[in-house]
Amino acid sequence: MVNLGISIGNLKFKNPVLTASGTFGNGTEFEDFFDVSRLGGIILKGTTIEPREGNPYPRMAETPSGMLNTVGLQNKGMDYFERNIYPKVSLYKTNVIANINGSYIEDYVALAERFDKLGKIAAIELNISCPNVKMGGMVFGTDPASSRKVIRAVREAYSGTLIVKLSPNVTRIEDFARIAEEEGADAISLINTLLGMSIDIESMKPSLSTITGGLSGPAVKPVALRMVWQCARAVKVPIIGIGGIMNASDAIEFFLAGASAVQVGTASFIDPVSSVRILEGIEKYLEEKKIGDIKEIIGLINSI
Amino acid sequence: MPKRIEDFVIRGNKRLNDDFFVLELAAGTPLPDINPGQFAEVKVEGSPETFLRRPFSIHDVDYRENTIKLLIQIAGKGTETLSGLRPGNSLNLVYPLGNSFTIPSAGEKVLLVGGGCGIAPMLYLARKIAQAGIVPGILLGFRNKKRVIEYEDYQEIGDVYLTTEDGSDGVKGLVTGHPVLMNSVFDRMYCCGPEPMMKAVARHCGNAGIACEVSLENLMACGIGTCLCCVVDTVRGNLCTCTDGPVFNTKDLKW
Amino acid sequence: MVNLGISIGNLKFKNPVLTASGTFGNGTEFEDFFDVSRLGGIILKGTTIEPREGNPYPRMAETPSGMLNTVGLQNKGMDYFERNIYPKVSLYKTNVIANINGSYIEDYVALAERFDKLGKIAAIELNISCPNVKMGGMVFGTDPASSRKVIRAVREAYSGTLIVKLSPNVTRIEDFARIAEEEGADAISLINTLLGMSIDIESMKPSLSTITGGLSGPAVKPVALRMVWQCARAVKVPIIGIGGIMNASDAIEFFLAGASAVQVGTASFIDPVSSVRILEGIEKYLEEKKIGDIKEIIGLINSI
Amino acid sequence: MPKRIEDFVIRGNKRLNDDFFVLELAAGTPLPDINPGQFAEVKVEGSPETFLRRPFSIHDVDYRENTIKLLIQIAGKGTETLSGLRPGNSLNLVYPLGNSFTIPSAGEKVLLVGGGCGIAPMLYLARKIAQAGIVPGILLGFRNKKRVIEYEDYQEIGDVYLTTEDGSDGVKGLVTGHPVLMNSVFDRMYCCGPEPMMKAVARHCGNAGIACEVSLENLMACGIGTCLCCVVDTVRGNLCTCTDGPVFNTKDLKW
């Protein structure tokens, strides 16, 4: 038997495979396909304090080994969450993690305070990296001083496990990882989407209503992996690797580079059972390599 | 009707003309209930340009044979690859997805309007309506005579009306110019096709006070309501075409 | 007949399809396949003042719709170039452009001065964006002040057409474009490779000898296109678009986003005749759209 | 011998065992001169994981039939896809690439040593040597009897010696343990196979003062000398395996 358990701060995960925010709904959409409680955790769709209609259609474009999206944080707001979503997701027998977003620091703080009161929310992932909103989002995540401010404010407002999700659209990702660690984050997750764009040459128009959008999928994996590796060397808090993870082999690359856990994103669109398949594949790999504990391979490329 | 992910085996691949083909797919396990208007998300293997699944309406269902059919128009790399599938090849589907058309109540007069690949969801819908004891009117529009497909299949089920843009078959012009639309009184219309066509039909129905449902083909990444990419602006805000649709009552759409 | 000619400063290009540095050798490698003088220009392999052995093997890894490389500017140095390469490339009936690299500003200046004396070098492309060398390279290209210094020094030393090649590994690419313009660059080319990484999970080792390397190919196209669009809106000098251009459709996206010319890179590895095919495809597209001049589509998405 | 890019048509695809198959490819235009040791860069279509071309030694050339053969070992996604090609399919090659083995002078005694897929370049080399009037010694190494391939083809051309690691056929052990290597006096050896094998043969030749050429299989992106990814460290600095090689005299390598 292989031990797949990991911890982030005081929070235990039965296994290191989580789902990425915005790609797994609230989990309910996947119940037809598998028991979502088998996963180590579920990161819910990004929530804002007020409801948001998101960006106009068209919101997505396919790209080589990837996709662009500009959903723009469409969600029904915190009141709706508490009334309608929380009662469902609190039944899952795994870590349910909220993904919080805002235009102003006060929004983040207000959300953090409200999630703090919801006993079955295992952690919050502070998203300062959404590229598809005009205010907040990536604006926080690409400026060191703003990042520090929002992380500090949320840390003060929230007593649980705090994960900070970083934007890859920066020159030195490790600076942002250090800031998060200094401000008391329990873990860092990365990457959110890379800012990209595509054009329909027949209509001569951008494919997305907002012109630019967030690139995800296997195309971004080499960049994500590099950034996870850089952050793992820069900070001591656990890293959650995200970006183009389609199969167990991809996930294992992230562990070897220094991630303690991974999030499966776009893969769930293409194969709704990807996340459990990845979980099974990781177990098989460890068994074949006769490694008894996932923790043994975390950051291994730096030690051999 | 839980959603499933399943490997089907290609039973047949029938080329209808330069652009269209019908895939007949055999399921390995008994088919679930499928309602007319629902669709499947198809994984296209072996085509580096097709990263995401491709959505297709379920064109027909045969519970005895345990098969479904997809009517597909070649539009790009993915459909091109699918057109090359041979009997015995396998194809992975996530299905049945989305809502479905409203089956009319006894005595209602209904017209199904399909243009181009928009005729795809109409065959199974026509069957279900016929099973409900109503003979549907079916108005099909094509560019020209050479592009007319499945005319006979529809004729077996309902009263078929035909238009071609160049007049080489049926009535010349667009579906919205066909006399049946103007002359007969319908309680309900169902429409799928190019957006301008659906909008024209919706406008006609709006003016005439006829209930009208259309099937939208918004770009989709997941097909199961999680990516929020396929939204359509409605009177109730942004809704997902893949779960709240693909069938919408046109009075809900901000057209 | 479609007019494909464009200009950068005083320099005329018979068509806007160039080849990217490091992916087309010195052109001679492609002579078996087609007449390289048909292209609008050829950017030569990066040159340094002294010979460089480059990085250890392994130097490349395949990634989804892309590749990583860590060649590390292997080249035989400027003396060798003048003696052995220049006599050959000066025979081409198209613009031959040098790509210059250094560890110190003095290196760049020395190279620029020597290329200035070679009458058949149409322009230099100042590469401040190579991710695969320890000193110089991307270090210049990711720091605004260093970028400014090296561009200024080269501009003083070189009287010909100066193209500055930008690194995509930055938070705000438009800042670097503006700096280049302010310092007198005649054009900006982008993107160089994105810093990425991959790991062989069987050996549990990085795929590249230097751990990280430069990502190129279709995977990076959405990011490249976005950056070209951002820079085209930020500066008035012409932009040369680079990144994942595999076919005419890709190239046209870059023109529509604001590029005046494109460079074909990794595509030449997979299909040595890509560059001329792309040229032919652009011509066909314009004919079909009944557009008489390539210049009409440059930046078109911003005007409709 | 200019390089070309050309679509070949699959004439045959012969499976040799679980891992190996031989593709026979017909050229549309007369084949250029191809020298033993040269290789082709093959475009693998329909496999999203294979972005770059795949290099394979030219295993055999038949000028009368205007065909070439590739002997391929299934190693991953690309070779897997190639193993599924059927007669009539087309395959795009850039070829002939790289340098070639030195054809021995009259009277020289030569031994060809191949292990696993390293036997690929040896067949055409053996033919060329035989044409030069020399009967080559050919030492082939495999893991076990079931993996022995093309033994008869080589026997038609030269004196074949065989080793298997488990002794189920020929001499038990590695090629470097075969008595022919020790007992006979050769002027020249040619070797292709796993790196440890090539290094062992090179060491033997070095000690015995025998000229030795090996064919390297460094990772390649372009195959035509432009990417500089395939370098090997030599006494003359970094050289490109694809243009300065793939054949190297082992005294030039820093082994």
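Per-chain residue numbering starts at 1, and chain names A, B, C and D are given in the order in which the chains are listed.
Assume a contact is a pair of C-beta atoms (placed from the backbone, for glycine too) under 8 Å apart; a residue touches a chain by one contact, two chains touch by 3 or more.
Computed from a prediction, not measured in an experiment: that's the story for all the values here.
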- Ordered by label, the neighbours common to subunit A and subunit D are B, C
- At what distance in angstrom does the C-alpha mean of subunit C lie from that of subunit A? 34
- Interchain centroid distance [CA atoms averaged], subunit C/subunit D, Å: 36
- Go ahead and note the Å separation of the Cα centroids belonging to subunit B and subunit C. 47
- Shared interface positions of subunit C, touching two or more other chains: 63-66, 217-218
- Note on the structure: Note: subunit B residues in touch with at least two other chains are 48, 51
- With chains as vertices joined when they touch, what's the shape: line, ring, star, complete or other? ring
- Pairs of chains that touch, anyone? A-B, A-C, B-D, C-D
- Message: Applying the document's contact rule, which stretches of subunit A touch subunit C when the two form their complex?
- Response: 63-66, 68, 142, 169-172, 194-199, 201, 204-206, 211-212, 215, 217-223, 225-226, 229, 244, 249, 252-253, 256-257, 285, 297, 300-301, 304
- Item | Of subunit B, residues touching subunit D in the complex | 46-48, 51
- Over in the complex, which subunit C residues touch subunit D? Could you list them? 22-25, 29-30, 32-33, 45, 53-54, 56-67, 69, 71, 74, 217-218, 266, 268-273
- Task: Report the residues of subunit D in contact with subunit C in the complex, numbered from low to high.
- Result: 2-5, 43, 48-53, 94, 218-233, 237-238
